[in-house]
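Multiple structures are listed underneath, in C-alpha cells.
One chain, chain A, links the two complexes that follow: it is found with chain B in the first and with chain C in the second.
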Partner chain A sequence: MRLAAVLVLCAVFAMALVGTVWQIAGQPVGGTLPETVADAMADSGVDHPVTAVLLNFRSYDTLLEIGVLVIAAIAGISMARLPSLEDPELRTHDSLLHALQRWFLPLMWLVAGYLLWAGAVQPGGAFQAGAVLAGTGVLMRLGGMPMNFLQPRLLLRVGLALGFAVFLLVAVVSAAGGDAFLAYPEGMAKPLILLIEIFLTLSIAMVLLSLFVAAPVNDAREPAEGESE
Partner chain B sequence: MMSWLMAGLLFTPLAWAVVSLLVGFRTGRWLSWVGMVLQVGASVALWFAVARESGFYYALGGWQAPLGIELQVDGLALTFVLLTAAVASACGLHAGVYLDPDKPWQRYFWPLFWFLWAGLNAVWLGADLFNLYVGLELITLSAVGLVALGGDAGALRASLRYLLAALVGSMAYLLGVALMYGQFGTLSLAGMSHLAQEYPGLEGAGLAMALMMTGLALKTALFPLHGWLPPAHGIARSPVSALLSALVVKASFFIAARLWLELGPNLGTLALAQLAGVLGALAVLWGSWLACLQPQLKQVVAYSSVAQIGYLFLLFPLTWGVTEAVSQQAQQGMTLQVISHALAKAAMFLAAGNLILSTGSNRVSDLAGVSRFLPFSLFSFGLAGVSLMSLPPTGGFAAKWLLLQASLNSGQWWWTLVLLAGGLLSAAYVFRIYRASFVEHSELDQFYHPPRRLEAIPMMLALMSLGLGLVAEPLLSVMALPFGEGG
Partner chain C sequence: MSVHLLYAFAGAGVFTIGLFGMVFMVHLLRKLLAFNLMGSGTFLVLVGLAQHRNGVDPVPQALVLTGIVVAIAATALALVLIRRYFHLTGQVTLEPGSRDDEGHS
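The block that comes next holds the complex of A and B.
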C-alpha cells in the first residue's frame, strides 16, 4: 500500500518534470551565456571552459564549495575519536599484496598528476585528481599499508584546510594589488590557477580519505543537556 | 574602501574558520572574540557606507553577471547582515562560556561556527541562484555538524534526520535552479526577473519556481514538512539551538522571499500564494498546540519556532496581486517578524540552557523552585515570551500589527484570525513554563548557579526584542535604503 503510494508519487513527479522540461524547451528565452564564456576565454588563463568557469569566472562558488568539503571533513573527524585514522587491525604483512600495491600506487599517483595538469585543456582538474588520490589512500588503507600520519592532530587539520587556505590567500592578495576580490592580476591567471589546483588536489584527497576512514567508534559521549553524566 | 568592507564581511569568517581549525578551543575563543568585533564593525561600517551613498552590485573576480557572480548589497540584505552580527555574536559569547573547553571535540565548534556565519552572509548578499545554493549548503552542513558535535546516539539520529531532510530540500531547489537556467540562460536573479517581465506566460519556469519553493519550505520547516526541526533544535547544545532557530531557518526563508518578490509577480500563481499562506497558518496553530504539550523545555521552544516560522509565510499571499502599499506593509511586517523572532528565540534558547544547567534536567516539570534560584534567566525567558505573544511594545507586536493591516487592506481578513489565535496559543505555552517554575516545593535542594555572563546575554537579547517595537521605524528605514545600479 505504502509502496504503491510512493510509486504513484514518483510517477506523478516524473511526469511533471518531463512536462516542465518540455515546456521550457519549447520557449527558450535569453541564453547567450555559452557565447559570453567563449568570448571571455582569452582572458581566463586556461583553455578549457569548465576550468575557466570553475576557477575564474565563478571562482567564488568554487571557494565556498571547498569550504563545504572542509566542513564535511570536520564533522566527520569530530565524531571519530580514534587516536589514529588508521586501523591497526587492517595492517597485514601479506607480501603479495604489498608487491602489487608497489606497482599500483605510483601509477595511480601518475594518473592523479596527469588529471590535474590536463584540467587546463580538457576535462579534468583538482576534483578528479583529488578523487583519484583519495582512491589511492583507500587502497593503501584496505591493503594494510601503515598510514600513521593520518592522526586527527594538527597535521591532518592543516592538510584539510590547506587548499582552502591557499585559495583564500590568493583571493586576498590579488585584491591587495588593487583589483577586485578573486580577480587574478594580468598575466598571472594561469600560474595562480595551477597553484590553487595543486593544493586543492591534496586537500580534496585528504577530505575524502578522512571521510572514508572516520567512522564513529568511541562511545564516550557527552550526555544530552539535563541528563546526569 | 567599499571593496575592503565587503571582503571583511565575506572573507574574515572564512579565514577565522581555517585558523580556528588549527588551534584548540580556548585559543579559538579569544580569536573568535576578535573576529566578532571585526564582523560587527564591518557590518555597521557597510551600513553607514550604503546609507551615505546607495546600495550596489558587487562583482566578484571582476566578472559582471551573467558571466560572473554579483552580490546584491541592498537594504534588505544589510538588515539581515546586521541581525546576524548581533545574534551570532551573542550566541558565540554564550557558547564560549557554556561549552566545556576540556572536551576534545569542542575544538571543532569554532570552525563550524565561523563557516556557518560565512554561509549566512553569503546567502544574505547572494543575487545568483547557484551561489545561493552553495551558501545554503555551507549553512546546512555546518549546522548539522554543530548539532552532532559530541552528541550521543540520540543527537546523531537527530542530526542525520536533519541532514537528510535538508539534502532533499537542497536537491529540489537545485533541480529548480537547473530548470530556471534552462529557461532563462542565466543564473542572476536580476537578469531572470528582467526576462520574466519581458516574456510573460512561461509555464515551465512557473513549475520550476514551485519546485524551488517546495525545497526551500522543507529547509525552513514549514508545516507539514517540519518533522525534522524539533528533534534537531531540541537536542543540540543551547547556544547551537539558538543559532539554528534564530538564523539558520531564516536563510532558506530569505531565499524563498527574494525569489517570490523578484519573480513572483510573473511566475507565481494565486494558488501557490494562498497555499503557502494556508500552510503557514496551519503551522502557527499546530506548532503552538504541540508546544503546549511537550514535556521537555527545549522541545517547547523548538515547537514554538515551527509556529513562529508559520507567520513568515503569510508574506506570500499578502504580496501577490495586491497594491504596492500593501505589499510594502507585508514586507516590513515579515522583516520585523524575522528580527523579533531571531532575538526572542535566541534569548529563549540561551535562557533555557541556563535553566537546564541550573536544575540539571530538561523536563518542564523539574523546573519547580527555579523561580527563586534563577529569577534572572527565568525573567529573560519570560521577556522573550512576551515578544512571541506579540504584546505591545515588543517587536512581535509591531510585526503582527503590520501583517494585520496588510491583510485587512488587501481584503484577506481570514489571516487576522490566525494572527490572533497564534498570539493566544503562544501565551499558553509561555505561561505553562512559568506555572511549572513557580511551584514552591521542590525535591531538589541544590541548584547550580551559572556564571553571570551566561545570564546577562539572554537578558540583553530579550530586552532588544522587547524594545524593538519602539525603534521599528528607524529599523525599517535600513530596509528601505536606496539601491542604485553598479557600484
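The block that comes next holds the complex of A and C.
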C-alpha cells in the first residue's frame, strides 16, 4: 500500500521533471554566459574558465562554500567524543599497508600539488587537490601514523579556519582599498588566486579528514561539562 | 536530441530514484545514500541542460563543483550524526520504538 503510494508519487514527479527538462531544452538559447566568461578571461588571471569562475567571477560562492565546510567540520568534531579522535584501537598494523604507504604518500602529495598548480590552465584546482590530500590523510590514519594535529586543540582549529580566513582577508582588504568586495586589484589576480587556492587546499583537506576522524564512536567516557579531557 | 540532453534526462531519472529511496527507505544510511542520489541527479540536470543549450558552459560546471564539495561535507556530517544517534539510542531509523538492528524497509 505504502509502496504503491510512493511509486505513484515518484512517477508523477518524474514525469513533471522530464517534461520540464524537455520544455527548457526546446526553448531558444537566452543567455550568453559562456561568451561573457570567454570575453572576461583575459582579466581573470588564470587560463581555465572553470577556475576563473570559481575563484574570480563567482568567488562569493566559493567563499561561502568554504564557510559551509568549516561549519560542517566544527559540528562534526563537536559531535564526536573527544578521546576517539586519536584512538589507537582504530589503527591497523598491516605490514603491507605500511610498506605501500612509504611509496604512496609522497606520490599522493605530489599529485595534490600538481592538481593545485594545474588548476590555472586545465581541470584541477583547490578542491581536487584538497580531496587528494584528505585521501592521503585517511590512508595515513588507517596506517597508524601519529597525527597529533587532529587533536581538537589550537592547531586543528587554525587549520580548519585558515582557508576561510585567508579568503575573507583578501576580500576585505580589496574592499578596504576602495574596490568592490572580493575584487582583486589590477594585475594581482594570479598571485592572489594562487595564495587563496593553497590555503583552501589545506583547509578542505583538514575539513574532510577531521570529519572522517570524527565519525567513529567508541565507549570512551564523556568528559563532564567544563572538564578538560 | 543531443547527448547532453540525454545526461539531463538521466539526471532526472537518478533524482527520481533518489526521491523514491528518500521517501520509502527507513534505514538512515539508505536515506542518506538516496539523498546523495538526488544531489547527483540535480548536478547532472544542471550541467547536461546547460551544455545542451549553450555548449560547454563553465558557470554551471563551477556551480556543480562547489555543490559536490558541499555535498561531500554534508554527507560526512550526516554520517557523524547518524553514528552518534545510533550510539546513543541503538536505533538505525527514526521510527519510534523500532529497535531493530537490521532496519530493512
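Heads up, the rule we're going with is that the second predicted complex is superposed on the first by the 206 of 229 C-alpha atoms of A that agree within 3 Å, B and C clash if a C-alpha of one lies under 4 Å from a C-alpha of the other, contacts with A are read in each partner's own complex, and residues count from 1 in each chain.
The definition used in the following text is that a residue touches a chain if its C-beta (ideal position, glycine included) is under 8 Å from a C-beta of that chain, and two chains touch if they have at least 3 such contacts.
Since the structure is predicted, the reported quantities are computational estimates derived from the model, not experimental observations.
**Q** Let me test your reading of the model: by the given contact rule, A:116 touches which partner, first (chain B), second (chain C), both or neither?
**A** neither
**Q** State whether A:207 touches chain B only (first), chain C only (second), both chains, or neither.
**A** Second partner only.
**Q** Could you tell me if A:79 is touching chain B, chain C, both of them or neither one (first, second, both, neither)?
**A** both
**Q** Please indicate which partner A:140 is in contact with in the superposed arrangement: first for chain B, second for chain C, both, or neither.
**A** Once the two structures are laid over each other on A, A:140 reaches no partner at all.
**Q** Using the superposition on chain A described above, determine whether A:56 touches chain B (first), chain C (second), both, or neither.
**A** In the superposed model, A:56 contacts chain B only, not chain C.
**Q** Kindly classify A:2 by the partners it touches after superposition: chain B alone (first), chain C alone (second), both, or neither?
**A** It touches chain C, and chain B stays clear.
**Q** Which residues form the common part of the chain A surface touched by chain B and by chain C?
**A** Residues 17, 21, 24-25, 27, 29, 31, 33, 37, 57-58, 61, 65, 68, 72, 75, 79, 216 of chain A touch both chain B and chain C.
**Q** In their shared complex, at which residues does chain C touch chain A?
**A** So the residues of chain C touching chain A come out as 5, 8-9, 12-13, 15-16, 19-20, 23-24, 45, 49, 52-59, 61-63, 65-66, 68-70, 72-74, 76-77, 79-81, 83-84, 86-87.
**Q** Which bits of chain B are touching chain A when the two form their complex?
**A** Interface residues on the chain B side: 3, 6-7, 10-11, 14-15, 17-18, 21-22, 59-63, 66-69, 100, 103-105, 108, 111-112, 115, 118-119, 122, 130-131, 134-135, 137-138, 141-142, 144-145, 148-156, 175, 179, 182-186, 191, 195, 198-199, 202-205, 207-208, 211, 235, 237-238, 297-298, 353, 356-357, 359-363.
**Q** For the complex, which residues does chain A have touching chain C?
**A** Interface residues on the chain A side: 2-3, 6-7, 9-10, 13-14, 17-18, 21, 24-25, 27, 29, 31, 33-34, 37, 49-50, 52-54, 57-58, 61-62, 65, 68-69, 72-73, 75-76, 79-80, 127, 131, 204, 207-208, 211-212, 214-217.
**Q** Would you mind writing out the residues of chain A in touch with chain B in their complex?
**A** Per the stated touch rule, the residues are 16-17, 19-33, 36-37, 40, 56-61, 63-65, 67-68, 70-72, 74-75, 77-79, 81, 154, 157-158, 160-161, 164-165, 168, 171-172, 175, 179-184, 216, 221-228.
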